[in-house]
Amino acid sequence: MDMKSYTTQILNKVRQSAPLVHNITNFVVMNSSANILLAVGASPVMAHCIKEVEEMTSMANALVLNIGTLDEQWVESMIISAKAANLKNIPVILDPVGAGATKLRTEMTRKIIREAEVSVIRGNASEILSLFSDEVKTRGVDSSLSVNDSIIDAAQKIALETQCIIAISGRNDIITDGKRIFSVSNGQPIMTRVTGIGCGLTAVVGAFCAEAEGEFLLAVTAAHAFYGLCGELAHESGQGPGTFFIRFLDLLSSAGEKQIRDCLKVNQI
Amino acid sequence: MDMKSYTTQILNKVRQSAPLVHNITNFVVMNSSANILLAVGASPVMAHCIKEVEEMTSMANALVLNIGTLDEQWVESMIISAKAANLKNIPVILDPVGAGATKLRTEMTRKIIREAEVSVIRGNASEILSLFSDEVKTRGVDSSLSVNDSIIDAAQKIALETQCIIAISGRNDIITDGKRIFSVSNGQPIMTRVTGIGCGLTAVVGAFCAEAEGEFLLAVTAAHAFYGLCGELAHESGQGPGTFFIRFLDLLSSAGEKQIRDCLKVNQI
Amino acid sequence: MDMKSYTTQILNKVRQSAPLVHNITNFVVMNSSANILLAVGASPVMAHCIKEVEEMTSMANALVLNIGTLDEQWVESMIISAKAANLKNIPVILDPVGAGATKLRTEMTRKIIREAEVSVIRGNASEILSLFSDEVKTRGVDSSLSVNDSIIDAAQKIALETQCIIAISGRNDIITDGKRIFSVSNGQPIMTRVTGIGCGLTAVVGAFCAEAEGEFLLAVTAAHAFYGLCGELAHESGQGPGTFFIRFLDLLSSAGEKQIRDCLKVNQI
């Protein structure tokens, strides 16, 4: 099956099943991630209290962890949830926001990866590379690196080493399980000028993986491509970041087979 | 006085007095609830620190408690605030988001109801019923039940037992004090596809009750109907959840007597 | 150089340099402040954990502190960050949201000012005055005072005493270093009907001060005027607070020399 048919199919599955996506995420994007998940057809829940996260994850179809406004107690909750997700065999998606910017973020992300099984790590180039090299620095939450061939090589090695799908966002997104590599060229620069767009993608990756029956590589690629093409279409009016985000939510909800057929840009490399 | 005149009157009172509504609410909706309260004409304040909540509630005209991203320390603050509200004789509105999904949420909500006087409990059917039956489960923050005759019976019993107004949101909203029952058929399904719409209604119930001089049943009903009709009008353009929410805020601010006269749908049953 | 040229110049510097603005701010506005900073061309980061704030501030170009949903532990983080900012000689902007409403807010704000060097304090009249007089009360987060001559006198005294730029928002904004006083009459009443607009201004003040090379008085004035004129232009369609905020973000991103030349209203008094 080609990626256009696959993307249409998994999007429709999400819309029919409305998978429950448990998010332990940062304060900045809780609202936007919930709206992005609702727009795409999933059912979001946010819960972080150590006394309820295991129970909440146990009724979910995917778990999304995001360290954007980290606190140590939240990391404990994340690890408990990730272990519950592992037991239930649901996907765990990790967004290491700002890893490489502070020791806390880098170390806590490494701790999560060490103590639980993560299915997918999605971030920008310096966030991802910083997890495996102390040399790489992130500027706040912005990448200090562009995606290029040596980044792709590194992503592949990291995927093999961690047994995770690695997804790096950039002008072209790179998604790899260490063996196969997909490149997605959908997307629009204005997506970096609205807060929470990257975090929202991580959440949508969670929703798609919930319906992927364990075949995460294609689901992660499909999520990136669909998300990126909604961004392209949302920017057509060109009115600025405020209007862009509103149109983007509308399109996440309305775009489907036709837009995927006309606009999806995925290559295996 | 009929409900159309009453709703117009209490809405105008809110706009003239700008009641101060103290919210202890969840992280996902703090921004949207504040904007919804401002749009309708009220003055929102968010404060949760145990060292200031009593003082903040003491200057407020209504208190809104929402357990959406619960933490035990926040429950302590909620109970202190609720007691301060009881002393000052201002309405206390409780939104048991996700009650029935985890033990923590169910138990903490029951604790609040036990330790302070709550004026109104507003939620979806399974959230409300779970407070009084361990059999009822909620899926994340989505109701597992639809509103039907047996739910209405249960709502009535709960209202009598707790001496609270019980408001259950659904295709038709049910509002009861245990003796009288109102049904509101305003509203639009897209309202369930935007995060924080239910929580925002709870906040608006707080603003209306602040101006109700203790007659909460009609005020709660009016809040539901006005909110629902703004939702209907906001959806007329049909562009999706992003555009919907923006138009909804515009209408909460601009709709008034004319829209209420043309669109309000309330029945006593 | 006149204020129109200066404002154009510093805005362009912000857009070229994308200063990293570290925000320790309240839950209600984290998303809107991040979007406002991105729209204006800056690079926001939010981080509050006591284990990472020093490191985060050390890579930033400005620090913005906002006590809107205060907690004592956050105040500790704020003071640590402010000291790191002082060491690095980057501007520290303080928004005393709700000071004068509760003892906690008033006292914690005074503590920050006492323990670290703050460059700019921005708030409404009663928030600012309450920091220096126990008589002044704030209603929730709304000012109980209007800007008038005695307020201007007070602002000047406070500026001299604290060695901070004092910026008071109102129908006309007043910005003073105790010697010179600027009045900005840009702005639009609807800006008080959307949550986080004041907090977003504080963040933009941070971005402008990051590019001011220590000349904060003019930078703070330029930030107020540019922000206010974007508000005026955003309200032209007159559709309500939802549409207003979206247009406002668009304009923060697109307005520039032409709009500044046509609309900036700054007077030295």
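Per-chain numbering from 1; labels A, B and C assigned in written order.
What we mean here is this: a contact is a pair of C-beta atoms (placed from the backbone, for glycine too) under 8 Å apart; a residue touches a chain by one contact, two chains touch by 3 or more.
If you're wondering where the values come from, they're calculated on a predicted model, not measured in any experiment.
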When chain A is superposed on chain C by its C-alpha atoms, the rotation angle in degrees, nearest 5: 120
Chain copies touching (chain A, chain B) - same or different residues, decided at half shared: different
CA centroid of chain A to CA centroid of chain B, Å: 33
Chain B residues counted as touching two or more neighbouring chains: 27, 31, 245-246
Touching residues on chain B, where the partner in the complex is chain A: 26-29, 31-32, 68-72, 98, 101-105, 139-142, 193-196, 239-243, 245-246
Parts of chain C lying in touch with chain A, wherever the complex brings them together: 20, 22, 27, 30-31, 34-35, 38-39, 43-49, 51-52, 55-56, 59-60, 245-251, 253-254
